[in-house]
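Across the two complexes that follow, subunit A remains constant while its partner is subunit B and subsequently subunit C.
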Partner chain A sequence: MAGRKASRCDVERKEEPLKRAQRRDYRTLALVTGFILLVPAWAWLLPGDVIHMDIVNIMVFAGIYTFVVIGLNLLVGYAGQISLGHAAFFGIGAYTTAILCCRFTWFPTWLGVLAGVAVAGLIGWLVGVPVLRLKGHYLAMATLGLGEIAVILFAELKGLTGGTIGIPQGLNVKVSQIPALSIFGFDFDTDLKLFFLVWVLAAVVMLLSINIIRSRVGRSLRALHSSEVAADAMGVDTSRQKTRVFVLSAMLAAFGGAIFAHFQRYINPESFVLSVSILFITMVVVGGMGNLWGGVVGVITLTFLPSIIQALPYWIPGVPSGLMNFSNYSLMLYGALLVVFVMFMPQGIAAGLSKAAAYGENRFKQLRDRAGARKYEGH
Partner chain B sequence: MARREVSRKTLLTVTAVFIAAVAGLTLALKGSTGLQWIVSGLTVGSIYALVAMGFSVIYSSTRVINFAQGEFSMLGGMLMYSIYMRAGLPLPLAFLVSVLIVTLIGAGLERATIHPLRNQSVISVIIVTIGLAIFIRATAKLIWGSEPVKVASFTGDKPLRFLGASIVPQSFWVFGLTLLAFVLVFLFFDRTLLGKGMRAAAANPDAASLMGISSSTSSLVAWTMAAALGAAAGIVIAPINFAYYYAGTMLGLKGFTAAILGGLGSASGAVVGGLLLGVLETIVAGVFPSGYKSAVAFVILILVLLIRPEGLLGRSEGVKV
Partner chain C sequence: MSETRILEISGVTKLFGGLAALKDVSLEVAPGEIKGIIGPNGAGKTTLFDVLTGILTPTEGRVLFKGRDLIGMRPDQITAMGMIRTFQTIQLFAGMTVLENAMVGCHSQTRSGFLATSLRTPGARREEKEIIEDAHAVLKEVGLGTRAHETGTNLPYGQQRMLELARALASRPEILLLDEPAAGLNQYETGELSELLSGLRDRGLTILLVEHDMGLVMSVSDEVVVLDYGEIIAQGSPEDVQNDPRVIEAYLGIEAD
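So, the complex of A and B:
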């Protein structure tokens, strides 16, 4: 009896720091959300024709990618299962809602988004059960293959998807563009409205994800990341957990894709090709695998990077205006970022920054102490 | 163990019967068009086989899949364009110089990126080779632009007629080079001390290093060979397909599929897988809308991975914890 009591005490003591970490995460979430929701105010102070980029517009894209990257981070960073085909789920979400809402003009757009999420979840489950038996390179190649098959289907099922022209131009429908997202009669038809919608939803998704990683499920994911056999031996149903997180990440990707379709108002297979899947992975890697906050930093950094580089010649005189054709170099930069981050900053940009901050703080304290000591000697 | 061997024999028989049936049916139904498909399929299949051998060489000595393998072929083709067509060097010299440059790039990349990551997780190495692939592709686009370029055939363009099918002379170069590469790779891994040591280093790096085999050297040699194989494939196919900066992606994916189909890590598996994939793909492209051509490879890839990940000729490996 005594032994059992003692062990329960141990468990309770172990829970404490976790709770504290969770509270810290909630606080960070509130701060980050507040900070991001204030971005339009800055954008108002620094209008697009002054800084040569449309901050709110780019932030909507970043918000859309945040859904995908949070899901992918759970899958790659926490569960250790790579996917090189998540653009396919992004596309399934986008195509489902676009087809429904353009074919049937009465179809509520919010229901289209949910339908996209459901379809992607179903396909994710059908695909995930067999494919997740594979590991490492094989899983990478299989998901890559699935992603490519999805793109081929998007382009070839012309009657359904409008072929390479896309939706709505490739379809024989009356609407000239995909309708704007509308929830209970409120149209999210401007960048600013979508900005608030997307980032509030992102905060909700973030909250759910924080709770997932601090739960039993999250612990079992990390366990199977470090050793699948060991996790199995400890009673974690590894294949079930892997499938669940895969389906969840597929649904989050589809959610982002569906909003993307209603934001961009047209879609074609180009938006869902292999390099988009790789861009998502790059965002996870640059932000930090297994670090949800890092993921958000990675998304925002990489979504803004092209615009920042294109704006450099305006901001700083003397920078060659050739940088304005940045799209020629963007893939080169992404490739280099992938290599450099995995090699030198495997924890990602967020951890890198906090390491740098800690170093700076220590250095500052050292200098201060030394200065204090000198003052003391002077007296 | 015994049961496995029997099932492998059955599998090979079934495959052989399947190939014979597909080939026979195609010939019977389509006549000379069918023969044309098979000949074209064998040509492009040989290229897949060469690329697959590159994957196999790296895999069988380091257990790494190099996602940048296709880019070596693309670089080979583009360099051949610059050196042979633009600079006008004689053919054999241009071939050697192109292969040499790509080989040096391959060796350099291994030392710069793969070697420092030798103790890292599989995911890290995958992501780094993907990063390399994107980087090489984007650099090639900057250097050579995005327009496809034409490389002249090695020995003219006059096609040979054979039972109603026509074969371009370049096809024979492709077949010959594949055969040569296969023999060389086979002899290297089976007959030379270094080759045997490299296989040992992959199977058990610690035990191999106790025997004086360096897994670091092994990795370097493997990447060098893979880059040379890839470059040769890209050069010899350039006159048939056009060379352009994006050619490496599909070639790499198809080559990987061929390697998996035949059995990753064996040179003969690479050849069988490559030829089979090439022929199947060409037949499907003839029968179905050509947009679905690329889907063949991916469907085969996923089916093989799910049903028999060790491939047609491969033997299953035990799982180590």
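So, the complex of A and C:
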């Protein structure tokens, strides 16, 4: 009797860790979202003309990239399938809505965004089925090629995309810029409005992604990352799961791209070139592969970094005027930082920071214990 | 008729270039039996498993499982039909706990996709709860009940093998293909494995057992098949096979008179 009771308690206790981890994720999501939504208050305390950067504006970009990076993290970090061409889907989302909303001024912008997501999903599926048969470096090369093809098409299909001039100037349309995003008559025409829209939606996407990761689907993705043969043998249809997560990541990238088009109000192929794809991947790597929170940290860090580098000389009083155009060297510093990250925090900032915190805590305890021992000796 | 054979392998040949890894292999497996498959290294044992589980397509031949031809089916479809394997080189999922490894084994028994799991529909939640319960149950069965939340790849070698077995059992198979499950186990662990396999058979599970540990094969198998250079050279009860001169030759390399 006693034995049976004990074993039942056992099972209950064992079930906890997975559920506890999920609760912890939800709590983190609430905290992070709350923290980010308070950013405009800080920005009000630290106005742009004082600190030489526009925090809310940069945070809108970060929010837009967050959609892309969450999708890429599912694809690259969890399922282990590299893509060096996701700027293409970012661009497909942007171009689809820009073309629809500029050519047909009656076209609802929110529907344009959804159309962009749908088109990217369709193209992602058509492309993903053959390309995902490749593995490792070959997949990287193929996706890199896809990204290049997309940029060439954006530039060369002049009648559709406005060529290198872009939309709307390159098109023969009446509007002088892409219309602002409008949902049920409410126009998201300022940075602040878009900030709240983008980050609330990012929180929703994050919530759905956490649910996917902590489910049989998420486990199947991690499983095929680790051993495709074993995942197959366990009944995971690996090629279908790979295609689906690729399509999902393409749709998330397009979602970000479509909002980007309505935020920047003009687009041209420049915004979707290879270095943008690389930036997305770098955000995933710097934040932490297979770590959704790390991805958000990576996005915010790398989105702010160029602005911080540019603003740096203004923050230090008495900088000689020759160093004021220090930002010309910003790319160099940017590259150096990446090398440092990859060398010393290969698992990303999030994991690196928590490791550093654990080290600091241990060290603190050691010092405290030693101090305690010394006191004891003194007596 | 179909009652007497759950698996029917007929005339399976697998060529790699000019080399025949399997030559005209025919085999019948009755439900609820443990069939041992032995043979020297390179005899084609693992190739046979790869053909059965859809990893390799045979050059010739047919494999009927519960009356359906498996040739051309994907590995995951075969698993869903109730045939599952373990691997000779351990293939646990890195970065997953013991429990999560076993939970992946439940994949073929569950349905929720991206949409249902992202929205945590009642169906998806119910499934997740069942998966956790099933996974705990199989872990307990193989003696890993207390290690559920450790990282799978951190377990001692013998327990990693047991976890592979648990993960396979989580799919509720009808046939279990075990590829050298006792490799690297100590004597005590092999004894436990032997008891476990007998228990599984008594519950009606059919087992194909590729193994080099002759003590284990001969004690648990109902029938033993001997492969050499891709061909079946002997087949019968453990006693008959042990005394077969061709088997002795294959293993010891002595010319039979």
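Note that in this section the second predicted complex is superposed on the first by the 337 of 379 C-alpha atoms of A that agree within 3 Å, B and C clash if a C-alpha of one lies under 4 Å from a C-alpha of the other, contacts with A are read in each partner's own complex, and residues count from 1 in each chain.
By our rule, a residue touches a chain if its C-beta (ideal position, glycine included) is under 8 Å from a C-beta of that chain, and two chains touch if they have at least 3 such contacts.
Worth saying up front: this structure is predicted, and the values here are computed from it rather than measured.
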### Task
Name the contact category of A:Val229: first (subunit B only), second (subunit C only), both, or neither.
both
### Query
Can A:Ser220 be said to touch subunit B (first), subunit C (second), both, or neither?
second
### Query
Touch check for A:Glu156: first (subunit B), second (subunit C), both, or neither?
first
### Query
Looking at subunit A, does subunit B or subunit C touch a larger number of its residues?
B
### Message
Taking the superposition on A as described, I'd like to know which of subunit B and subunit C A:Arg133 touches: first, second, both or neither.
### Response
first
### Message
Looking at A:Ala120, would you say it contacts subunit B, subunit C, both, or neither? Reply first, second, both or neither.
### Response
neither
### Query
What is the contact status of A:Ile278 with respect to subunit B (first) and subunit C (second): first, second, both, or neither?
first
### Query
Between subunit B (first) and subunit C (second), which does A:Leu338 come into contact with in this model arrangement: first, second, both, or neither?
first
### Query
After superposition on the shared chain, which partner residues are touched by A:Leu208: those of subunit B (first), subunit C (second), both, or neither?
second
### Message
Show me the subunit A residues, by the header's touch rule, that subunit B contacts in one structure and subunit C contacts in the other.
### Response
227, 229
### Query
Once bound in the complex, which stretches of subunit B touch subunit A?
64-65, 67, 113, 116-117, 120-124, 126-128, 130-139, 141-142, 249, 253, 256-257, 260, 289, 291-292, 294-295, 297-299, 301-302, 305-306, 309, 321
### Query
Across the complex, what residues on subunit A touch subunit C?
10-11, 14-15, 17-18, 208-209, 211-212, 215-220, 222-223, 226-227, 229-238, 244-245, 248, 290
### Query
Once bound in the complex, which stretches of subunit A touch subunit B?
76, 80, 82, 84, 130-131, 133-138, 140-142, 144-146, 148-149, 152-153, 155-156, 227, 229, 274-275, 278, 281, 285, 289, 328-332, 334-339, 342-343, 346
### Query
Which bits of subunit C are touching subunit A when the two form their complex?
53-55, 74-76, 79-80, 84-85, 87, 91-97, 99-100, 103-108, 110, 112-114, 117-120, 124, 127-128, 131-132, 136, 145, 148-149, 167-168, 171
